[in-house]
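Below is the structure I would like to discuss, written out as structure tokens.
Order of writing sets the labels: A, B, C, D, E and F. Residues in every chain begin at 1.
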Amino acid sequence: MTQRPIRLSLPSKGRLEVDALDFLAETGLRVFKPNPRQYEAHVPSLPELGIIFQRPGDIVVSVRQGSIDFGITGLDMIEEKRGDNGDILILHDALGFGTCALTLAVPEAWKTVTDIASLKKFSAESNTPLRVATKFPVLTERFLNQQNIPHKLIAAEGTLETAPTIGYADMISDLVSSGQTLLDNRLRPLTDGVIQRSQAVLIANHHILQTRPEVLEMARRLLEYIEAHLRAKDNVLVIANMRGENPQVITQKIFTQTNVGGLQGPTISPIGVRDGTPNWYSVTVVVRRDHLPQAITELRNIGGSGIIVSPITYIFEEEPPRYKAMLAALKG
Amino acid sequence: MTQRPIRLSLPSKGRLEVDALDFLAETGLRVFKPNPRQYEAHVPSLPELGIIFQRPGDIVVSVRQGSIDFGITGLDMIEEKRGDNGDILILHDALGFGTCALTLAVPEAWKTVTDIASLKKFSAESNTPLRVATKFPVLTERFLNQQNIPHKLIAAEGTLETAPTIGYADMISDLVSSGQTLLDNRLRPLTDGVIQRSQAVLIANHHILQTRPEVLEMARRLLEYIEAHLRAKDNVLVIANMRGENPQVITQKIFTQTNVGGLQGPTISPIGVRDGTPNWYSVTVVVRRDHLPQAITELRNIGGSGIIVSPITYIFEEEPPRYKAMLAALKG
Amino acid sequence: MTQRPIRLSLPSKGRLEVDALDFLAETGLRVFKPNPRQYEAHVPSLPELGIIFQRPGDIVVSVRQGSIDFGITGLDMIEEKRGDNGDILILHDALGFGTCALTLAVPEAWKTVTDIASLKKFSAESNTPLRVATKFPVLTERFLNQQNIPHKLIAAEGTLETAPTIGYADMISDLVSSGQTLLDNRLRPLTDGVIQRSQAVLIANHHILQTRPEVLEMARRLLEYIEAHLRAKDNVLVIANMRGENPQVITQKIFTQTNVGGLQGPTISPIGVRDGTPNWYSVTVVVRRDHLPQAITELRNIGGSGIIVSPITYIFEEEPPRYKAMLAALKG
Amino acid sequence: MTQRPIRLSLPSKGRLEVDALDFLAETGLRVFKPNPRQYEAHVPSLPELGIIFQRPGDIVVSVRQGSIDFGITGLDMIEEKRGDNGDILILHDALGFGTCALTLAVPEAWKTVTDIASLKKFSAESNTPLRVATKFPVLTERFLNQQNIPHKLIAAEGTLETAPTIGYADMISDLVSSGQTLLDNRLRPLTDGVIQRSQAVLIANHHILQTRPEVLEMARRLLEYIEAHLRAKDNVLVIANMRGENPQVITQKIFTQTNVGGLQGPTISPIGVRDGTPNWYSVTVVVRRDHLPQAITELRNIGGSGIIVSPITYIFEEEPPRYKAMLAALKG
Amino acid sequence: MTQRPIRLSLPSKGRLEVDALDFLAETGLRVFKPNPRQYEAHVPSLPELGIIFQRPGDIVVSVRQGSIDFGITGLDMIEEKRGDNGDILILHDALGFGTCALTLAVPEAWKTVTDIASLKKFSAESNTPLRVATKFPVLTERFLNQQNIPHKLIAAEGTLETAPTIGYADMISDLVSSGQTLLDNRLRPLTDGVIQRSQAVLIANHHILQTRPEVLEMARRLLEYIEAHLRAKDNVLVIANMRGENPQVITQKIFTQTNVGGLQGPTISPIGVRDGTPNWYSVTVVVRRDHLPQAITELRNIGGSGIIVSPITYIFEEEPPRYKAMLAALKG
Amino acid sequence: MTQRPIRLSLPSKGRLEVDALDFLAETGLRVFKPNPRQYEAHVPSLPELGIIFQRPGDIVVSVRQGSIDFGITGLDMIEEKRGDNGDILILHDALGFGTCALTLAVPEAWKTVTDIASLKKFSAESNTPLRVATKFPVLTERFLNQQNIPHKLIAAEGTLETAPTIGYADMISDLVSSGQTLLDNRLRPLTDGVIQRSQAVLIANHHILQTRPEVLEMARRLLEYIEAHLRAKDNVLVIANMRGENPQVITQKIFTQTNVGGLQGPTISPIGVRDGTPNWYSVTVVVRRDHLPQAITELRNIGGSGIIVSPITYIFEEEPPRYKAMLAALKG
């Protein structure tokens, strides 16, 4: 009997789809969708992997059931729908996009309510439980119960942020990224009202990883690529010209500085100079992108000139730490 | 204390929104939305009525709670979410748009399964309950239980019709209008698999109708306009020239025919003719639009000529029957 | 030498263009634009009239110069740009679309400022003149001077409503229709801060009307159509069946009611009834659209049944009053 | 054996599709397309008729073969593709939309070439036949041969109007409506260069009309509706109040005027007047839309007032002339 | 007399246009189109080259005539329209985008027909030749004749895949990429029914290359850039840190592995290490992108660490082989 | 008191917005706009910098007033609105996008007018001053006065290029990039009619730079990034394999060539070769992108092979020259 192909499910619309496809492309796993009407696609550089497009909640259910092996979607939806039985394993918890937070927000008109404590006081003063509209009933219920806030959850399909004005609910528990939508609707997030921080994560079906070695190997390759890409994204290759008696002297100068030491140390190669001036060297180091201005200054300080910065596609370390963590979880 | 204004909630997006706005405009209740970003609007010809835009499910919940007085949305969603306690009253059950049916469908590959009976046989032969994906769990559950079909419901957010191919579920319970989407995905509706026929309907909150007379009066006006419009839509005004000794003779000729008798009978007025020929009359009758070809033939048969057809905006009968039905329900 | 054709200039983009084209089509003057790239079009039912599309301000300048004969645009822009020398004559001042008002608005944070008086107080307390951003410097300047408010006008190209937040200006003078945009940007209109109410109007070049009779005749036809359409838009034709001894008796019944008297009185024609019952009549009256519900009730009260409502395209009165007003202005 | 349903094929995209759907809707045959992806649709008011959407050329081929019964498309394409054997019958040759003309055009730079004669002179002076790009090789070839112009046809898929600039051809034979595209590309139509005038027409398969009576009956109904609609479109119903000793006197007054005589003559009904003034009558006539201003003037001249204009949906004459013409052609 | 500029024609719309522009941009020949309305553009990095946009078929005709020098379009269209006289020379036959195949497909309902042999059997059993709809009559005719399949070609403008359902043809010869469109329309490609495989190719006019040296030089530059880009796309630069007694020892280790030998061999440079540990080297090799995972494993196996992967823009070999092939063809 | 954050204002719509955002992203300063409705954004890699979106003219006014610190917009608008008092300092005058020129253009029909001289002659022959429509009255007025051309400026909001045809003006002063729009409207630019050449530039408020050191430091960083990016954009890194007795010999060969000398000279590192052949070296140089073909030829000429080209992100020189210029201007 032939096995079903290994499959990764991605969000099927909106910003999360665009960001997931961009992320995979930058990671070297460009998704090719031959026909816009199709819900299936593939990754030319990983021919064994099929791609499926689903709504975020359906991705979580599919991976939980095992009809799909891997999924990329928001942690918010995963926590809402993962259930209790450990069917879902989070392989990578910080893919760096889709950042938001499930947050409690109240009408600006409730001037005294700014945090959980004042909300409880406000609630105690009224006779009825607060009606809270949300699309995340599991997480919201758990949080409100933990905080001992009397409430009634109101399920909603549409734009939650208008619910208090319409009278559909008293307050909301909604995803917040920039906060602009809350502001436009005269709602205010509670300062300690974050129920669940979220960003895009990579999940897999626990049981399948344990029983199908080719899926486990695919997990290793996905993590290898993803980690090497995320590491590379934050670094650049810097090459400077520098004069010095010999490579050792230059190395010493480099090590007097903070940001230009490289992963291991500078690679040093001789430069031929037109007028024959001796002792010019090319020095190559890896520098963190957000330290680049300081690194340039440091290189200039020790005589560096003609400084060139080049992009890096991947940085592979000894072994992907998250892969080791996954193996531990599978054994656990 | 000032009362909240009377409000009607409409679907906030998609074909149902467009059709609802078109329907209201044809009914003489054009909705004016000053700003596309707003979820509020008003009806210049009914200034006491506010308009709110919500998702279909939220409309049902809002009317059930009483945060909104009236709603127009699909009967499917109303039956799914109305609950048991009679909070929702259906004022008009056939607005004539949004027609579809919640229907069970199976993969074409299940060649032996064509109706409920063969589905039960198919199900009995397998060991596990059928996994049925749906966005209407209440209606689907009730139907499957009534039919004694062992099953497991799978909630879904997105495009259900791909669920069987992905392996997310074995079969689906989904809204079907033309059937093209099922066909494209190689699914087949069961011949007796209709769970709920649906079209757009007008609902109201039962309790509010009983307690706020101005809302009751608004219900009467909405029904008056809607019924007069729906009746008018199916009829036209037909005017023919006809010669006859006198109006009575012409009336008799008219009544020999099937489709041109009018609501009551023909209106007959004299025509002045250029050459003074006497006894020409103009005959005006109301004719059902779908009988128009036969009516034209009948008029020609009895000597009618120069036949003009004009549009009708409303036909008001003695009293709107659905308004009487509503009053009865409120008393019941 | 051949004369330039008579030309009417319309707004070239946005809601005002759509509304102007819809208005003309309803008036029976559908504009045909053979090619979307062109700025020229024509009106098949008025072949002598050419159509030009321009920005609102350019329309006013063109009619003022006389390079264009007629224009339809907002009164706001006309008042801003018409100049002092009477070159522009307003032929119709209420076409019924494009309604808005140039209004002063201040940040919500200025809690004490709600009207002109409190604005002056607020201004007096600060040392510097208020910086007011606007796209209507002429009208705004005149108003602020009349109100004796020390100020500095800041010309702006873009979205004025963000100016106070950015710090570009302290307050704004901007067009307001629903007020939603002000609300979204936490600005508040002053209660007596309306500088100029506006809607779409029809203008013409004064001098050309005096010197080119064919342009004067075109003005008459435009006004004739526009007035007949605007009058018709607010009325419907109502036909009811009614029994009575004779037409005079029915006429008397009709005149006991308020809303069904017609322009002159009811037209009354006999109806032939199937069973020969005598004395049935069809009664036709013109009713104001916003009195329709009352008219239906009145007709039912006096025995009316089978009430049909039909649309009216135009109502022509003796002579268009605005045409007479124009002739007076030209002589003046 | 069950017969294939009767089918009408419509253009599947662009302005011609929109105009054909609008035309049918105005004619009372609104097309309902349940799913935008489908190439099939139906007409609720003519349930026996199926609708197919195809490219213009494929419509002609389909009707010629008899795989489709009826088609609506441009006469240009029909003449290009109809072949010689009379398989295609034109039922209605002037549906009133899609107007254009297949026309020869030359570069503006050919200053001496303005008509066929000067083109032949220009051609004679050069040594090589003119290269003419076109999408209508059959019509263009026939025309150029009739005119004895030496030429070489160049088939083209795309925007012909750039062909001379690119050097792809010397001149073009292309569809021209407003002429703006030619002007933009510095091409000039020859004054007598029209090869084929065109607008949308209704065609049918000759053989099927002769052999399937239900298709013949459908042809009759389509023509009946279309002719009644086209006639109605150009007329309005005018109702005026008028005073006169008796209906005969009023009729005589009416007949002194040119444009208000009606199809047959005026319908005259008494009006009840509030103050009891006798001898007021309501006069109803059908007036050609483009004579409306004159008709209003005439009615005022003879004492008409309170003039109301109403729309007409259809005007049915004795029998549709084009249906008779079709029957003659089928017998021929 | 001034020569016409050298011109390259690109597809003017759809996916092929987007892919061609993307391909050229990646190749370093970004096309700049100053105005979206224009059909002309240029390449800032190749100022002597003009760009023209045309439909695919017109590109082939233009290059064949010599009105355009170079073209990029699908091989399918080139084979359909190139004619017999060798006017068109294919310079590069695999640009790597626009992949599809002209393929015979039959209705799924023809259950016995799966390949050419069974199609012939099916055809023999019916009395009439198969009607085959296609937009590629030349290639399809030639193929069907070679296979001795009795047939009648039906030219089509629009969506071929609906032709069998409509009855326009029995089967089709159409371009297939993912096969989804066939599947949606219940058509099945024949297993050996591929008539012409296709992807985007670069063509030129044979005669112009022989007579205009500057066009020949442009051909050399285009091929140089394209080949260097296509080669680079499949490779990456890999830099690893490695410890070894001396460069020779490290070189030997490298050569024990399969995927990390580089084009020639590894470049080896010393690394200065913070704690002075001697004998650390940076090793740089070019690795095929699809061998990257294995290469990383191999490098780790021989002690590589801190492995950095960088992108490559071009790889230039001794001389572009396709340029040599072109020169041979021109001489042949 | 807390200071307002440092802010950079960008064009809020059209091509200039897209190009500015692309430019900043390539420069390493990707702008993140959390919500498309907002007019505010930020740059994750420069957290101290806020981004504002405004219309071009409002950017200039904002920087002039000091409500915004930095702006990027077209030089045309800056020169039009900068005023006389030196409030605006241009930090970088050639960002390389948004290139166009404010230019005088006349109708093609004015056949004798090709330059300023012939325009003056033409003007002298007519009795009235030329009416010149423009959106840049300040620059146009100054230029026309300098040239002693009698004129009347006509302010315009909309598409200037139609003004002469409409009769709104005689000629125009408008922004020209490709000239296609002028051509389409049969206008011709004067050969010496350029009033102001323009491209996007970076400006700052003079006074703020002098008084807020953190704004001065931001100016330095912006210039550092921008200059390093613009320099890098025009160069690539070229690596070739080459054989030679020793590095010095190879260096000498390199220096015999024109385009491959690098910033300083080639970096030379040994290559390990599989068969042990000695004396192979890898040579790395920086080459100007537009000299790449020549550089490849030169490297081949001196025995280079396996030539790899890699991208460069930044090239940092000793100190940004424009930063020094700015400091000088601030002191001046």
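As a working rule, a contact is a pair of C-beta atoms (placed from the backbone, for glycine too) under 8 Å apart; a residue touches a chain by one contact, two chains touch by 3 or more.
Fair warning: this is a prediction, and the values are worked out from it, not measured in the lab.
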Set of chains adjacent to subunit A and to subunit E
F
Quick one: compare the interface residues of subunit C with those of subunit D and tell me same or different, with half as the dividing line.
different
Counting only C-alpha atoms to place each centre, which chain is farthest from subunit E?
C
On Cα atoms, by how many degrees is subunit A rotated relative to subunit D, nearest 5?
180
Quick one: report the Å distance separating subunit C from subunit F, using the average Cα coordinate of each chain.
47
Subunit C-subunit E separation of Cα centroids, rounded to whole Å:
60
Between subunit F and subunit D, distance of the C-alpha-averaged centres to the nearest whole Å:
54
Where the CA atoms of subunit E average out and where those of subunit F average out, how many Å apart are those spots?
35
Can you list the subunit D residues in contact with two or more other chains?
184, 269, 310-311
Set of all touching chain pairs, with the criterion as stated earlier
A-B, A-E, A-F, B-C, B-D, C-D, C-F, D-E, E-F
Give the list of subunit A residues in touch with subunit F in this complex.
177-178, 180-181, 184, 236, 241, 269-274, 280, 282, 289-290, 293, 296, 300, 305-311
The answer for subunit A against subunit E in the complex is residues 28, 34-35, 37-38, 45, 221, 224, 228, 232, 237, 247-248, 250-252, 254-255, 261-269, 284, 286, 310-318
Residues of subunit C that touch subunit F when the two form their complex
4, 12, 39, 52, 54-58, 61-62, 65, 67-68, 154-159, 162, 166-168
